[in-house]
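Both of the next two complexes hold chain A, though its partner changes from chain B to chain C.
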Partner chain A sequence: MNAAHLNEGGISAMRLRGLMRKEFLQILRDPSSIAIAFVLPVILLLLFGYGVSLDAKHVPIALVVDEPGAATASFTGSFRHLPYFDPLTLPDMRSAEIAMREGRVEAIVHLRTDFGRKLYQPGGTPVQIIVNGVNANTGRLILGYGSGIWINWLHQYAQINHIHLPASVQVEQRVWFNSELRSRNYLVPGLIAVIMTLIGALLTALVVAREWERGTMEALMATPVTMNEIIIGKMAPYFVLGSGGMLISVGMAVWLFDVPLRGSIWLLFGVAALFLLVALGMGLLISTLARNQFVASQIALIVTFLPAFLLSGFIFEISSMPQVVQIITHIIPARYFVALLQTLFMAGDIWSVIWPNALALAVMALIFLVLVRRISRKRLD
Partner chain B sequence: MPDSSDVASGAVVTLSGVSRAFNTAGGPVQALDNVDAIITRGRVTGLIGPDGAGKTTLMRLISGLLMPDTGSVNTLGFDVKEQPLQVQASMCYMPQRFGLYEDLTVQENLDLYADLQQLPYAGRPERYAELMHMTGLAAFAARLAGQLSGGMKQKLGLACTLVGSPKLLLLDEPTAGVDPVSRRELWEIVYRQVSKTGMSVVFSTAYLDEAERCDEVLLLHQGRLLGQDTPAAFSSRMQGRTWHRSLDEGVSKRALQHRLSQLPGVIDTTIQGEQIRLVMAADTAAPDEANLQATPPRFEDAFIAMLGGADTAAIVSDQQPVHIRTTDNDQLPVIEVSGLTRNFGTFQAVKGIDFSIRRGEVFGLLGANGAGKSTTFRMLCGLLPASHGELTVAGVNLREAPSSARSRIGYMSQRFSLYGSLSVLENMRFFSSAYGLGRQQRKMRIDWACKQFELGEVIATAANDLPLGYKQRLAMACALLHEPDILFLDEPTSGVDPLARREFWHRINLLAEQGVTVLVTTHFMEEAEYCDRLVIMAEGTILAAGTPHDIRMEAAATGRPADTMEDAFITLIHRQPEFATA
Partner chain C sequence: MIASLSAAWRRIVALVGKEFLALLKDKKSRFVLIGPPIIQLLVFGYAATFDLNHVPYALYNEDGGAVSRQLAARFAGAPVFDLISTIRRDADIRPLIDDRQARLIVHISPQFSRDLALGKPAPVQLIVDGRNSNSALIVLNYASSIVQQFNADRLQRSGMGGPPVHLEVRAWFNPNLQSRWFLIPGIAGLITLIVTMLVTALSVAREREQGTFDQLLVTPLRPVEILLGKALPGFIIGMFEATVIIALAVFWFDIPLLGSLVTLYTGLALFLLSAIGVGLMISSLAVTQQQGFLGAFLFMVPAVILSGFATPIENMPEAVQYITLIDPLRYFVVILRDVFLEGTPFHLLIPQFWPLALIGTISLSIAGWLFRHRMY
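And then the complex of A and B:
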């Protein structure tokens, strides 16, 4: 036996191959890790992709016209032709209010008496929109769409009738990067970041703890294997598995949810690989400390998944968070990955965004791997 | 480079002034205390000692998985503090729960360990063939390790540790829970390797008869090395202190054993076939008893004597006997089983067995792991429904009214089922309320249990912090709080050291004398001697049934010697036609 091979940093190709083959065989025979890597992203993407939409579509609203006429008919008609609303014409405000209380409609659009006349008066308010504020998000959307429809209609009405309207403020709206204003376009890339956090951390959090629980770690440690070999032997197979999960997620985003991918696919997988290293490192760290599968999985959910969900900017805009929370988001790896994914999907290869975020991920990956290496010692105490 | 002086002196491990402490919830524990020893090359050395003596800690220190607080450990010429990887490259350690990957096949496990030991590919086919042949695993190469029997798993573990032809082999309780046949086969493999390759072996065991097989024994107790010598030298210290007392007409073995254990100067009594074996304290004359005969000492006698004897004198007959329901007809069996079968999918764990147990009997259910004992047991307790067959406990058919039978049953499981974070008193309070005892009765029974099981001094200790022997007592106390007249004990002595096991059987004897029916499972064959009647199970069927004497006679009838229950077991199992192939 050549003693030179046997230092803590040494790596033997034969041992590493043995460890990795063992890990792959275990992955193949234990459906749970395959489920985490491949089934979990599909379920989460379907759930969030279809379930969570921040767009309003087919919102039931009540239309109340006090004094029907040509102008009112033209205006209500513009509500009927849009996919955002399902209008219901009601005879008076009383029945509309009842419908709102009963939850049959989310908003009331009230066209008052003298609609046609008030149009020409400066400061006249011929239309009232009452919104159910219980669901604040939908409420805001209805108001936004409602006033948009009103302005558009006024504009058209004035053009057709060759009249000058005092109320017509000309608003020119242009939306960049997500011109259809589909919330899915930014939700899905963010969601991929959350999913990859969960997969990466959960996969490795379970596997080292499992070896401790089943007593295989003690037997492993009694062999001349080095800690570097054990760590690489754990990281490499789950890196492959996690990359598979990433591939599935990106595929679903592009082909199922029609999210545009404007950046380079190679860049996308490059930053994903970097992030996967961070997530796997977190999982290994948790697993090494916990030595118990149940505890490790709970910790993994609480310290990786939840912050990634809430503080990464995936749903909740970071710039609108309190100052303290904004500072905390800087230690959440998913924050950088969300920014990278949203940019790569919707805007393209914007290097001024990619460089700082990728650098942050690289630093974090290094920190976690160094930490794992330092706390993993070939000792049982 | 190995230290040449050590090589010359033939030391494989040198321990000098080794101490090691651990911090536990209950404060620091000194696992090893200033141990000095030299383990000789090319020999089989046994680490013997009761539970918590420091055996596992010592093995981990020798293999460089733990570092000593003070002192030094030199293994194969390397200081384990400086060069743990060099140590691990030339030795192999098989931990108590050997880490086989259960979702890998036999061959894949071997491949993994060959890779880890960097065995060159060229030599592998030959080495594999040799190991497979030796362990009898060749036919199971493609089977998942998780689907092997307990004995085969241990053999595979041994094969994995032997794959790199280590110079030193450390085995931590390699035979715990393994059936007698596999146990013998394991030792044959080890001894063949020693004689063939000159390998050194250090092993620990709870089976004292295995200590007799060692070249040398290190006797550990509470972290201290009590002695290092050959087993014969240990035994010879007991010369003139060991006696056989044959039975009297009309007196039960258990009653006689109990009476003898209370005599002054007696430090150990065991039932051995149709005799009681007595061990006397040093410089004590043999008791004034009839039918006494000198017998040669064993290693076990020295072990018990050096550890101060089992504390059985304190276990006295109860002032307040267990209340026995007298309405039942004493002639009827308390437990009756016929055609009992249990299937798990296509696998038949229990294949239509019959037996019956009378009141006040100690009835043993013996067999190796996987013989169907635990499945039978769970069906009897009403924890698992039977697939077919009839099952009557205390006159109640378990299929019709399991709960009314359960109130008369006390149950103690293999893992003791205690609440680890609750104190001894809180555990007893919980179990008494679970069985629906009233306030008055509860207080009375807890007082009784504290006295009977000597739990008074640990009453406030959390169950997790108790030594194993105390845990076992507490578990038994909890099972007896509601004064059951039937007691089910599932492997109550598994993992418990010989001293605690002796105490335990004394308590069981007393309960049986008071009329409690006891059904007990065990894989310690010598414990069968404590049973009035027993069945030996193998592969879901009953191999033999009757009194210990009957079973030994039945085995002796085949022409092989059957002095001990273990010999009898092995003889009977070899009689099975299907066994010849396995």
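And then the complex of A and C:
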């Protein structure tokens, strides 16, 4: 069989079956691919579903009252009955400062000596709230909750003491699609994109590089197998593995974590298949270009996994990134998949979101597969 | 004694030299070791932030009175929010949120001014897109603080010299509450972990796959020497990359480095020890490079998630908090943040140092034992 024959790219069912069988056997005999496809998703989902929460609840705070009295008690009391804070009463600012440095409290609420007296004088009395700014996100939430408590207390106080305060504007919040603001509901769908990237791109990144490194690629070329058959033979088994991972993830999301699935399940699996094609294409491309497992694994990590984690809008909001980084996110396939997953799970079949994102994925899948096919042909000549 | 030590030293140096050759022999390998960590820090350093800005919002003001316009002006003037449209009908709300064109709708009801004039509390409705619940929470928080500031200013102007109690807020260590200050030291730790793990996790596995590890075992090199020879390149590369990353954090991102370099590098050395130990342990369990790589991955992903790098450990359930105790990155992230932002002195970080040393010692011992006892 000559090179010209290889370039024709015909497909024979028998040869393809043989190749796929070989690939499946290789997967089955190596526990690490099975672990990545089935164990890692379960671990990740459990960790994210149960372990990770960005909500600030039960934040330890220090209450420092220089001169306790009835007025201070009513003020500090309003910090005690909320799920946001775990207050700890400390005798003075020195010990509160030490507690903050040692990380035992995240904030200090300080009522000064003259709190009770100055309350009735014009100008009033200050209440100091100091937050540990290291974790800026939590710090800002604490300040937000703190000022909410202050406004509420003020109005109660005014009512009891018959002081006339101008009526205030009250915030009435409505959170659509996720009314309890459960971070699980958005982390779990986003995580599915990370898992699919792992299975699709990381596993396949190694498979062709391994054949080159071990010299079995050349042996494969000496057979009548065509390039199309090699590509399909490499992709199909991992496509099956990826679909299995997807099924497990969706099952766990819906039944274990009670994430609502408001969109249609067929659409969900449709876009997942599309994304899987993109991820497999990326993996094969890396593998074909690198021809060395060390390089392939490094590149796969850098261009697939970490961007899926940090640049996809899964944890960090894309619209808040600098313009240049926002442009970079457009070439990250996970970005489109995360948008699709979050919408399909929480909001439903919103076609104005589905069409553009699915189209972007389809175009990317096409580009990667064409590239893989072209590069593979060139290398064989 | 001295002669045998110097012979051992020569053998280790030779092995380290060989390891470096294997790692840096071709252009591609050299590039993936040096280029990406720097690119990653730059891109992720800019991408990773919980601070929102340019949040698109729409205004739905049914009232039109002077007070409602003052409130609307507060939103329009806030740098966090970008007004994308003004709507006039209820029916316009849904498409804006559904398409993610607006993350927030500020809805002022028709009775707003009248209620306030009558001394009744007047509601302003904030509708947010909850698909990303963390962003939703932050948006709500920003929006509520605008409303609260508006209330506070109204109190101030009410003629009784202000409210009886007013707030003085302050943020220590990070006065402007920039989450970049919090996240970049974490990212530095993350990238250091990835680089070191990949260098070490593949080192033994590659030799096993190619069959050269057996040859190494029959040379005069003792297991301890092989261990040192395999660990040192990871240590040197880790030190080098971490130094570059720390320099970038300080000089490029302007993260204040308040603490001492001695404390920082003590933490770094101990962290590298534990990362290399885990990497070599995985590597000596693996038979192929794929297993080494995927094994490293199975360790790294949970290690990153449980490190408290993006999400606070205190928010995790108790059982998960115990698991984080064996995660070396957890300690290193604390060291980095404390030394960078709080300037924590050496002795206060000893509780972070000793677990790292322990993890390193145990994992390196297991790796050395596995060299001899896991044979194929």
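Methods note: the second predicted complex is superposed on the first by the 286 of 381 C-alpha atoms of A that agree within 3 Å, B and C clash if a C-alpha of one lies under 4 Å from a C-alpha of the other, contacts with A are read in each partner's own complex, and residues count from 1 in each chain.
The rule is simple: contacts are C-beta pairs under 8 Å (C-beta built on N, C-alpha and C of every residue); 3 or more make two chains touch, one makes a residue touch a chain.
Quantities reported herein were computed from a predicted structural model and do not represent experimental measurements.
Trainee: Touching A:L25 in the superposition: chain B (first), chain C (second), both, neither?
Mentor: first
Trainee: In the overlaid three-chain picture, which partner chain does A:N228 touch, first (chain B) or second (chain C), both, or neither?
Mentor: After superposition on chain A, A:N228 lies in contact with neither partner.
Trainee: Name the contact category of A:I328: first (chain B only), second (chain C only), both, or neither.
Mentor: second
Trainee: Considering only the touch criterion stated at the top, classify A:N152 as touching first (chain B), second (chain C), both, or neither.
Mentor: Touch partners of A:N152: none, neither chain B nor chain C.
Trainee: Between chain C and chain B, which one touches more residues of chain A when both complexes sit on the common chain A?
Mentor: After superposition, C is the partner touching more of chain A.
Trainee: By the touch definition at the top of the document, which applies to A:V131: first (chain B), second (chain C), both, or neither?
Mentor: Only chain C; A:V131 stays clear of chain B.
Trainee: In the superposed arrangement, does A:A219 touch chain B (first), chain C (second), both or neither?
Mentor: In the superposition, A:A219 contacts chain B only.
Trainee: Taking the two structures together, which residues of chain A meet both chain B and chain C?
Mentor: 30
Trainee: Tell me, which parts of chain C touch chain A in their complex?
Mentor: 26, 28-29, 32-33, 36, 39-40, 43-44, 46-56, 71, 95, 97-100, 112, 115-116, 118-138, 140-141, 143-145, 147-148, 150-152, 154-155, 158, 160-179, 181-182, 194, 198, 202, 206, 286, 288-291, 293-295, 297-298, 301-302, 305-306, 310-312, 314-317, 320, 337, 341-342, 344, 348
Trainee: Which positions of chain A touch chain C when the two form their complex?
Mentor: 30-33, 35-36, 39-40, 43-44, 47-48, 50-60, 75, 100-102, 119-120, 122-141, 143-144, 146-148, 150-151, 153-154, 157, 163-179, 181-183, 185-186, 198, 202-203, 206, 210, 290, 292-295, 297-299, 301-302, 306, 310-311, 313, 315-317, 319-322, 324-325, 328-329, 339, 342-343, 346-347, 350, 352-353
Trainee: Across the complex, what residues on chain B touch chain A?
Mentor: Interface residues on the chain B side: 22, 60, 63-67, 83-86, 88-90, 92-104, 108, 111-118, 144, 160, 170.
Trainee: How about chain A: which of its residues touch chain B in the complex?
Mentor: Against chain B, the touching part of chain A is residues 1, 3, 6-8, 12, 14-15, 17-19, 21-22, 25-26, 29-30, 211, 214-226, 378-381.
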